[in-house]
Amino acid sequence: MAAILILAIIGLPWLGAVCVWLVGDQRPRTQHYLAAGFSIAAGLAALVLLLFVSAETVIRIPAGNFFGDLTFVPDGLGAFLAAVATIVGCLAVIFSIDYMRGEEQLGRYYSFILFFIGAMAGLVLTSSLLFLFVFWEITALTSYALISFYNDDPKAVAGGIKALIITQVGGVGMLAGALAAYANTGSYEIGIFLEKAHTLPAATLSVIAFGFLIAAAAKSAQTPFHTWLPDAMEAPTPVSALIHAATMVNAGVYVLARFYPAFEDVPGWRTAVILVGSISALLAALMALVANDLKRVLAYSTISQLGYMVYAIGVGGVFASQFHLLSHSVFKALLFLAAGAVIHSVGTRDMRQMGGLGKDMPFTRSVFIIGGLALAGLPILNGFWSKELVLEAGLVDGPVWAFGLMVFVAGLTAFYTYRMTSMVFGGSSPAERHIHDAGQAMKASLGLLAIGTLTTWLLAGPFGQMLSTSLPAHQLHAVGTWVVVEEVVTAPATLLALGVIALGLAAWQWRKHLAGLGRLLGGFGQLATDGFGFESLNRGIVNATLKAADTIRPLQTGLLNWNVVGILGGLVVVLAWLAWSTGIGR
Amino acid sequence: MLDWLLVIAAVVCAYQVMRAQRLILATLWLASTSALVATLLYRLGAPEVAVMELSVGAGLVTVLFVFAFSIVGEVTLDPRGIVPRPLVWAMILAIILLMGWFILPLTNSQNPVVKVPFSTMLWDQRGLDVLAQIVLIFSGAIGLLGLLAEREIVVGRKPRPTVALTSGSSQPEVLDGRWQITANETSVEEN
Amino acid sequence: MAAFLQNPLNVFALGVLGLLGMGIYGLLITRNMIKMVAVLQILVKSAVLALVLAGKAGGNINLGQSLAATVIVSDTIVAVIGLALGVQIQRRFGTADLKEIATLKG
């Protein structure tokens, strides 16, 4: 049964991609509804799969001696992430019915989104390292194609290429790790790797561990690879909600969580993970404070919250990080889609030109506020519970300076969330303009996500149960939901965090009184707008590469005879090396 | 003795292919190289593939070449080569020596002779090869058709009929259906 | 040297090497695209001879023949496509000299 469900989860979106493309752009309505249908079917299949979670390999397709077997294991981590991917995916597709109404080339749009959903589900469900890499690369390809969807806009194309290059560089780390694991353990299976990890020589294991950390950091937009995510906001908003908030960027966190038992003893690895997570969280929160583009603020907040998840893994709280991943997927998708509704009707992404939208778009304002409260971490909403779990894990197992930093970032989060909400919905509206509230399909997705934001924390118990029974290597201890609630409510970290969040909210409310402080930090603000030097670092690397390419340009003469000289030269080198190493003698 | 003559003749014919000024002569030298190689193959004890080599190399390829330069004309200027001669000799020497190092000892190996008839070998044991060849021939034929298509293939938007309003008429006049920039046709004398 | 001449198969090995050398000379010297296809054919003949020679030396000559047959077919297709491309190049550029058609420069 689980095998059929897994094939449905991966195969239905891929089938849908082909069908939508074949239907053609002459029939957009058919395309809309076909895409929605396939994604809803995949979402239902994923939900049903949650009932069949187990730790055994349910599908095994041999792929030849060199590639190992293509295996799928529906364990708790994989099934849960597949459910998130497909459900948020189908909500984003439903949202697109209204958002992309009247746009051209819908076939390309929907097929890439469906292709992505299937690949993401495959990524989290597979237990072969090599095919994990294959699915990883497919998600990178579809992400690039969707970021550059408006391919006559040079900013979009540039954003897409930047995302592709940075995530591919990270992918090299993953491939190196996978091949090293294969060379040392003789198999691509993740389960076997986790068991035998302690028998590998320390140097090899370090290489694999840091290779995976680089790949995860690049994919999840952590420092120093975070520069691609803000520029990827040129994509259509449902794409941003799906790929760059709820699913693809979680792939990095997923990899870290999955391989945590193998790498936790590598010296320096946990510290490196904590550093990467906390620095990303801090830098991104600071950059969100000064950004004026609505989607950029949300992108920075995504980087920041991912930093929380990475930090949680670094201190050993795998359950806390995955729980925060669940909450974050839901409320961040909600925020992005609501922002999409706003952008769609106002026509601009600049927050300084918005304001006073609360009167014209009441539904959107309500769901945006719900998402914002969850992001800031206020009680009752799912963001609160998961963030407190993360902070608690940090207080108990991690270094104190990191904990202090994360609490400070929680305050910053509250500050910029309130700033964002009040700039968009509060205040008075400038000169008259025609604003309509979100359409029906948009409201449906937004409403469902808002309900999710209010309720997913109730799943803490069963979720923990699912994880602990199907991930034997991680040795998690599951507790029921109300135990979690009690734990969070009575922990000292909670009070501290709530206090700081209240401070953050108050700081925005009374910002005029703090104007003096604002002027003092003015120079710092300029630094934040420039991305703390990381953008200049990117530009420097690009320029150096171009200059190197220019210097070897004369080698490419374009004349066939010289190319043949090159080929034959290579042949001579290979033959000479072969003759020398095998020493064939008479 | 015969084998030595055949080998030397084959190498000389191959050299002449390169030296020939006119393409038709090059083609004839290529055909004779084919014939000599086919004879060599027969002398090695492989009659079936010798026949294949003869018919394909001396027959089919010759016809192909004649077809090709019947379309485009056959004059070649044969100017100086681009790669400097010493480099050419050095590469040839290096490769022949290295390849010889690998190949020549193999002829001394003593292996038991396996007697499998050719047809069994080709169709039973290497059947997948034959299948691949059939696919290859089909794709080659289709590729050839595509490459030698006469008409130009224009990639672009569907042409719309351009409409020009000539002064005085109330009906727009439809010009020919290509993308064109129509000149502005307002007649000045009719204000 | 005498031992070398004793083995009847060595002539054919020298034939392979000779044709290989001629083929490489042609690859490096030829400037006409259509003649380049003829040079490739010479290299293919050397490969065919080598395959059958290997089959004979290994005892299983019919295996060598089958592989050689496959190579002949595929390289004939290569010649077909190569000639079609050469013809198209001559049509588009007006010449088949590879110095004139070096648009992939730099």
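Letters A, B and C mark the chains as written, and numbering starts fresh at 1 in each.
Note that contacts are C-beta pairs under 8 Å (C-beta built on N, C-alpha and C of every residue); 3 or more make two chains touch, one makes a residue touch a chain.
Treat the numbers as computed from the prediction; the structure is a model and nothing was measured.
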Between B-C and A-B, which chain pair shares more contacting C-beta pairs? B-C
Relative to subunit B, the most remote chain by C-alpha centroid is chain A
I'd like the Å distance between the centres of subunit A and subunit C, where a centre is the mean of that chain's Cα atoms. 52
Here the gap between subunit B and subunit C, centre to centre from mean Cα coordinates and rounded to Å, is 12
Roughly how far is subunit A from subunit B, centre to centre by C-alpha average, rounded to an integer in Å? 50
Using the touch rule from the top of the page, what residues of subunit A touch 2 or more other chains? 559, 561, 565, 568
Two or more other chains touching the same residue: where does that happen in subunit B? 81-83, 87, 91, 95, 99
Please output the residue numbers of subunit C that touch at least 2 other chains, ranges allowed. 24, 28-31, 99
In the complex with subunit A, residue positions of subunit C that touch it: 24, 27-31, 36, 98-99, 102-106
Which bits of subunit A are touching subunit B when the two form their complex? 559, 561-562, 565, 568-569, 571-572, 575-576, 578-579, 584-586
Subunit B residues touching subunit A - in the complex, by the definition given at the top: 81-83, 87, 91, 94-95, 98-99, 101-102, 105
Can you tell me which positions in subunit C touch subunit B when the two form their complex? 7-26, 28-32, 34-35, 37-39, 41-42, 45, 48-50, 52-70, 72-74, 76-77, 79-81, 83-88, 90-91, 96-97, 99
Subunit B residues touching subunit C in their complex are 3-4, 6-7, 10-11, 14-15, 17-18, 23, 26-27, 30, 33-34, 37, 40-41, 44-46, 48-49, 52-53, 56-57, 60-61, 64-65, 67-69, 71-73, 76-79, 81-83, 87-88, 91-92, 95-96, 99-100, 103-104, 106-109, 111-114, 116-118, 120-122, 125-126, 129-130, 132-133, 136-137, 139-140, 143-144, 147-148
